[in-house]
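For reference, the structures are reproduced in the following blocks.
Shared between the two complexes below is chain A, which pairs with chain B and chain C, respectively.
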Partner chain A sequence: MASFGRFLARRTAQGLFVVLGVVTVVFALRYVTPGSPVDFIAPLDASQATRRRIADARGLDDPLWLQYVTYIGDLLQGEMGYSYRSRTAVAPRVFAKLPATLELAVAATVVAVALSIPLGVVSATRRHALPDKAATLFSLLGISTPNFWLGVMLVILFAVQFDVFPTSARPVGFLETVGNLLVVAADGPLVSTAWPLVHLDRLVLAAPLDASGFVADGRTWVAHLFLPAVTLGTYFTALITRLTRSGMLEQLGSGYIRAARAKGLPEALVRYRHALRNTLIPVITVVGLQLGTLIGGAVITEAVFAWPGLGTLVIDAINNRDWPLIQGCLVVIGTGFVVVNIAVDALYARLNPQVME
Partner chain B sequence: MPRLAPRRWLSALTGRLSPRTLRNLRSEFRASGLAKIGVLLVTLAVLMAVFAPIIAPWNPTTQDRENAQEPPLGFSYTETQVQPGEDGGVVNETVRVNATVTHPLGTDGLGRDMASRVVYGARTSLIVGISGTLLAMLVGVPIGLISGYYKGRLDDALMRTADVSLAFPSLVLAIALVGLFGQAAVAVPDPLVVTGAAAAIRGAVSLPGGLTYPTGMPETFTLPGTVILVVGIVNWVWFARVARGEALGVSEEAYVTASRALGGSDRYVIARHVLPNSTTPILVLATIQVAAIVLLESALSFLGFSGATLSWGFDIAQGRQYQTTAWWIAAMPGLAIVLTVIGVNLVGDWLRDALDPDIEGEGGGV
Partner chain C sequence: MRPEIERRRFLELAGATTGVAALAGCTDDDDGGDTPTATDGEDGTPTEETATPSDPETREGYLKRANAVLHAEAPWIYLNRQYSVYGKSTDVEWDARRDETIDGYAIEPTGDRLSVTITQSEMDSGLDPHDHRETPTDNIVRQAYEGLLGRDREGKVVEQLATGFERVEDGRVRFELRSDVTFHNGDPFTAADAGFSVNRIVQSDVGGLESPQVDQLAGVTGATPADDGGAVIVESDGINPVVFSLFATYCDVVNKSWIEDNDAAYINSHMNGTGPFALETYEQDVKVVFERHDDYYRDPAPAEQLTIQAADESSTRVNQLQSGETDIIVNVPPQSVGEIQNSDDAEISAVPSTRVLYNAMIYNAEPFDSVEFRQAMNYAIDLPGIIETVLSEFGDPTGQPTLEGFTGYNADVDPYPHEPETAETLVEESGYAGASITLHTPNGRYLKDFEIAQAVVDEVDSLSNVDAEVKQRDFGKLAGELLDGDLETGPDWYLIGWGNATFDASQTILPLLTTDGALTSYSSERVDELMDQAQSTGGSN
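Up next, the complex of A and B:
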């Protein structure tokens, strides 16, 4: 007997194993790349004694297994070391960039799911009609278009030619926008872009409620988020439309649908209650598998729109060979992937309890 | 004990398609207009890549600042130029910049011919796309077959490795690896140019309207070495998963048990029975992967990590600098990517419809 809780526990255990693997790979990557960390940390004209001291202080001469254990221990305490470049702690910088990337990924997913499932259903139920042809063409274009190019073209069209949207940047975030509703306290803003993002000690509920800041910031936030979200969401909209269409066609042709129609169930019930539900199961599997593409897509979308998220951070870190920062980003990205994947699996198990066996 | 000659391993890997499979492919091709469009687009891209020095109207690297930012055919724009006036002052003069037949797709910010750059860009995309896919296949398929055939602990270990590998998005992993190990861009001599074949053919062709073919195409071609390796390595998982699934299914079949009972070694059984059964899904997956890797390469070139300077992604990046004045610099190479990837995807759809393998839409884009 497999219960949902048990299934979740097993998936979490597997997930932890994958996270450990991610951490191991990230740890190992540093040792297969040329150059000693001391070269990055020490000044160019540092004496042998100075170099020695740096190596000692950071445990760089310890046996590899000890460094590995220390690394994992640090990570468990939320420690990711210090950037070579800016000499600041890595963890706060990485976590401070997380909301921007999450906003982008969530917005793209919402756009994709909201558009693609109705599109796929219409396409399948009115096969070979005009909407089907349009949806099929759109989804073929969508899965074949590199999203960074789409981003550049959208900027040229909507920001340069017609000044409808801003070209780039993210002046305000979601948290700051919502923070407006709660209050602005005397000793600084409630939400900031540096870690810790939220200063709860500054929280004083304002009365009367003033929504003008919220509305103004909300407009700016949506305006800046719109083009990046469309850029990132297009591939997924196209992919899910394609999958929903083919899945619906397969389901609508199967025996239980004919039986349901034969016994006189209303067509809407047949389509949405029976066929769509079974269509969504494989769709969710593929979407889960494509999460890596979503994160990779977010990285390049951020590069196009100068969106200050994890992607911009990791590209900068790689260009600077800033090892601790690269490692921090990779660990957070890998862990995020695992967490979302477990969530997708849980949703999957809810829809199709057979997989819990 | 039966043994398999090396030649048979090779033919099993490249896929000896059965007569029935070939028949399906043919009839599906005849029935489907989209399949024909796909094959046409892919053929065009391959021709551009192979015969670039013959097809390209100009040398793609020759700069001509006098004619920079020329629009593509059918477009024109006005520009304000500062001219020296009569009495030593300056006069603002409005000049209309028209398209010319010599540069059908316009020129870039340095006056290089966009059409030639688009033709040459096909080389980078297709070489990386095809060799990256072959590499991913060579790594992934054996791992998947072994994993599915032997099952048990080995299978668990290999599949958990695959899970870890999947937890890094391919683009992020590729950027990290290229950033760390360098680009290893290799200049390969262009056989059509160094043998003089391109110049001879171009000299023999006469163009209408008094146009002449310039000679002197680039003698070498830059291959992004690390990118080929990296895209191959980061995409092995997809092949491993498909090969494993097939191996799991086949290894339970009675004929496999019979083959083993007759004394067939594991190697023999895998090569003779398991691998040939998985060629169809692997073939379909390989097509999807070519599309995914072409997109991945363009993304890496766009971000400046690949080291290739004649690449569609690279040109889109430089087109961004001219986004307020010359949209076509970014638009043209992007259209080339879209058309090529549509072609590959349509060929993939054709194979999938004809061969009906049981795989999900794996691979992913950028």
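Up next, the complex of A and C:
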């Protein structure tokens, strides 16, 4: 157990360096990217005096090393500076977008896992039969279809032509939906920066329980989430299907399976209890790592569906050369990636303790 | 033979008279639907006067002459006036405005629905009406805030919070104010509020803010309530002939005590104006919801609720419109126009905007220091063809820096015709035959900017005696080179767009085409002189 703790501590320390690296790289990029943010805040017809005012109000002329040191200092205190474009604090804006992005990433993962593992298993156990060929074709298409194209096609087909789903936006979120039933008690926020980070005891039943509101909001939420989740999850589904199939094939051909079959275990037990379980170890790792990728990689999907998450925020920020906002988004995305990685490592270490050595 | 004659005509005209209409009489393919024709009424009788005419007395006369000179001296390759192209649901009645803003008050929902949704490309940068310089934010704050003056759909000056305006003396104007107006929080609107709003923009120590809008009210030094309380006096240094034009476009009026009592974070997330809509909910980066202000001093707005949201991708906006999730979308790209026109539930609303696209040619750099060469560049391009193929007709050809409908627009000046032979002859005469030139252009900053630049370069390159190529540039870098005040550091030939929401020629010519202009590429004594005369003559707004 002690070694597991040490393992976790080491991974966390490494993760902190990764986040620091992200910040440093962003500052380096800032140095080599042409164009002053002033040109994106003010139109061409703004006078030099106006440009001066804009630059001064944002500290744009401070030397970069000073901006860097200030930024790291702010970051250690949980601050992320102020947006160049709107001069509002970055941290609350970025955190406000986090639920939308997490919802999308988790939903895409759920879609992917729910589809891909059965597909992979069927395809491995009925190798070369029709389901296997269909699954192989599907995963080939899934891996090679670009996200933005798929998203636009799904919208045109299911939202514009057949009007089954809305085209875009996110009128309600998961938290608002659940808020019809559960609310956070008045004595403090649910999440804080001090330990314990999450106060689940502050979650109480809503005083007037709004079950119909919950259902209505829930339907809206799912309807808006469905197409983006499918779009984002398709590549992922294809990837896991392939992984499950090849893992399953490998396991089914190995010695212990032959032994199990030889001793007369029922085939279902052999496949799902023994072979599938061992197949899932690498699958879980990849699912976890992909979840991290999805948090950062949803940019295109979010743009196509006007999904108000970190992706749309970072695109707007880049369009405006709003460096503090870009940094804030990347720090959160990077941290998310690192946290997911550590969690996956920890899980993997529990499943296979050999890796801790 | 023909080019010879035309050149001689040109040299006459370069001495600055009006009519050059006869030179460009062959651009008759101007069929963009409700496109207003530039020369309606006054067409067909170009003034043939030469030499020095008697000085025109009016400011507008000087501006018109400056435009005629600038046509003849050709400091730019004149390109297209951009259109604002919106998509609109058939569930609402609304017509696009020329000044790129969307006036929620003018949107009428039909049927029994009373809420209206607008999807633009980007959300606001905070709700303080004096702390931004961009259209997406303007579109949002101007539903709740109003100015002393405003503009109608065509750009004409109309009264808003002022009931009258007059020039008391040079540098001093007086706005009579409405007495029946309340802010959304219930406070009555007073002359003190009007004066404070002006001062908050032009004076850096008023209102807790150094407003980036200071040069939108250029020349204005401050405002004070009149003694009787029913008016505000605005002071300028100098004559400030465009002061009413500036106030019709800029300067939103805020509530003095509300601004003074609240901090920047609050002012940026709440609204307290006098306009037809009051803020209901503000979700930063996501959407703004307004409700109708029922105590509005005019008739209440037709729509009860107004939502403004954003989608960065144009295809997303088009899809939202087609599936009925929004009522008005901005910036429909040419390739989506047909799709919307063919749909039963949506249509296109397009209007010439206040933005012009042009290719500047630095006046003292070879080969652009030759007027013949610059004219040749204008003759070389098929502007109507570019507008047809690249912009699907959503653009008007221009032949002078000032747009039709603006104060100072010269209706006798037509765009250059497409005459490659004339162009080749002029290049020979310029002495720069064999020149090799490079057009610097941003990509994606303006509608189809790179495609237009490519078309221009192809046509110039197809001249037998000029080689041209196009170079894509990062907009920020290009803007930096152009704005540093040194012509030497920037490119000699570049594509850029210029928006002028004041509907006055001076706000284009002064910064871009006079010797001291902030973004100038040109210097000509004749133009400088005419602009000096125009700006020292009061009278027109």
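Here is the rule we use: the second predicted complex is superposed on the first by the 276 of 357 C-alpha atoms of A that agree within 3 Å, B and C clash if a C-alpha of one lies under 4 Å from a C-alpha of the other, contacts with A are read in each partner's own complex, and residues count from 1 in each chain.
FYI, contacts are C-beta pairs under 8 Å (C-beta built on N, C-alpha and C of every residue); 3 or more make two chains touch, one makes a residue touch a chain.
Worth saying up front: this structure is predicted, and the values here are computed from it rather than measured.
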First (chain B), second (chain C), both or neither touched by A:156: both
Touching partner for A:306 - first (chain B), second (chain C), both, neither: second
Which superposed partner A:253 touches (first chain B, second chain C, both, neither): neither
Touched partner set for A:131, first chain B, second chain C, both or neither: neither
Which of chain B and chain C A:42 touches, first, second, both or neither: second
Touched partner set for A:87, first chain B, second chain C, both or neither: second
Partner chain(s) touched by A:321 [first = chain B, second = chain C, both, neither]: both
Partner chain in contact with A:285 - chain B first, chain C second, else both or neither: first
Chain B and chain C contact sites that coincide on chain A, given as residue numbers: 33, 152, 155-156, 160, 303, 315, 319, 321
Touching residues (chain side chain B, partner chain A) in the complex: 160-161, 163-164, 166-172, 175-176, 179-181, 291, 295, 298-299, 302-303, 313, 316, 319-320, 323-324, 327, 330-331, 334, 337-338, 341-342, 345-346, 360-362, 364-366
List of chain A residues in touch with chain C within their complex: 33-36, 39-51, 53-54, 56-57, 83, 85-89, 93, 96-97, 152, 155-156, 159-160, 163, 166-170, 303-306, 308, 312-313, 315-316, 319, 321
Chain A partner contacts - residues on chain C that touch it in the complex: 119, 122-126, 131, 133-134, 204, 210-215, 218, 264-265, 268, 284-286, 309-313, 315-316, 319-320, 322-323, 325, 474-477, 479-480, 482-483, 485, 496, 498-500, 507, 511, 518-519
Chain B partner contacts - residues on chain A that touch it in the complex: 14, 17-19, 21-22, 25, 29, 33, 140-141, 143-149, 152-153, 155-156, 160, 235, 239, 242-243, 282, 285-286, 289-290, 292-297, 299-300, 303, 314-315, 318-319, 321, 326, 330, 333-334, 337-338
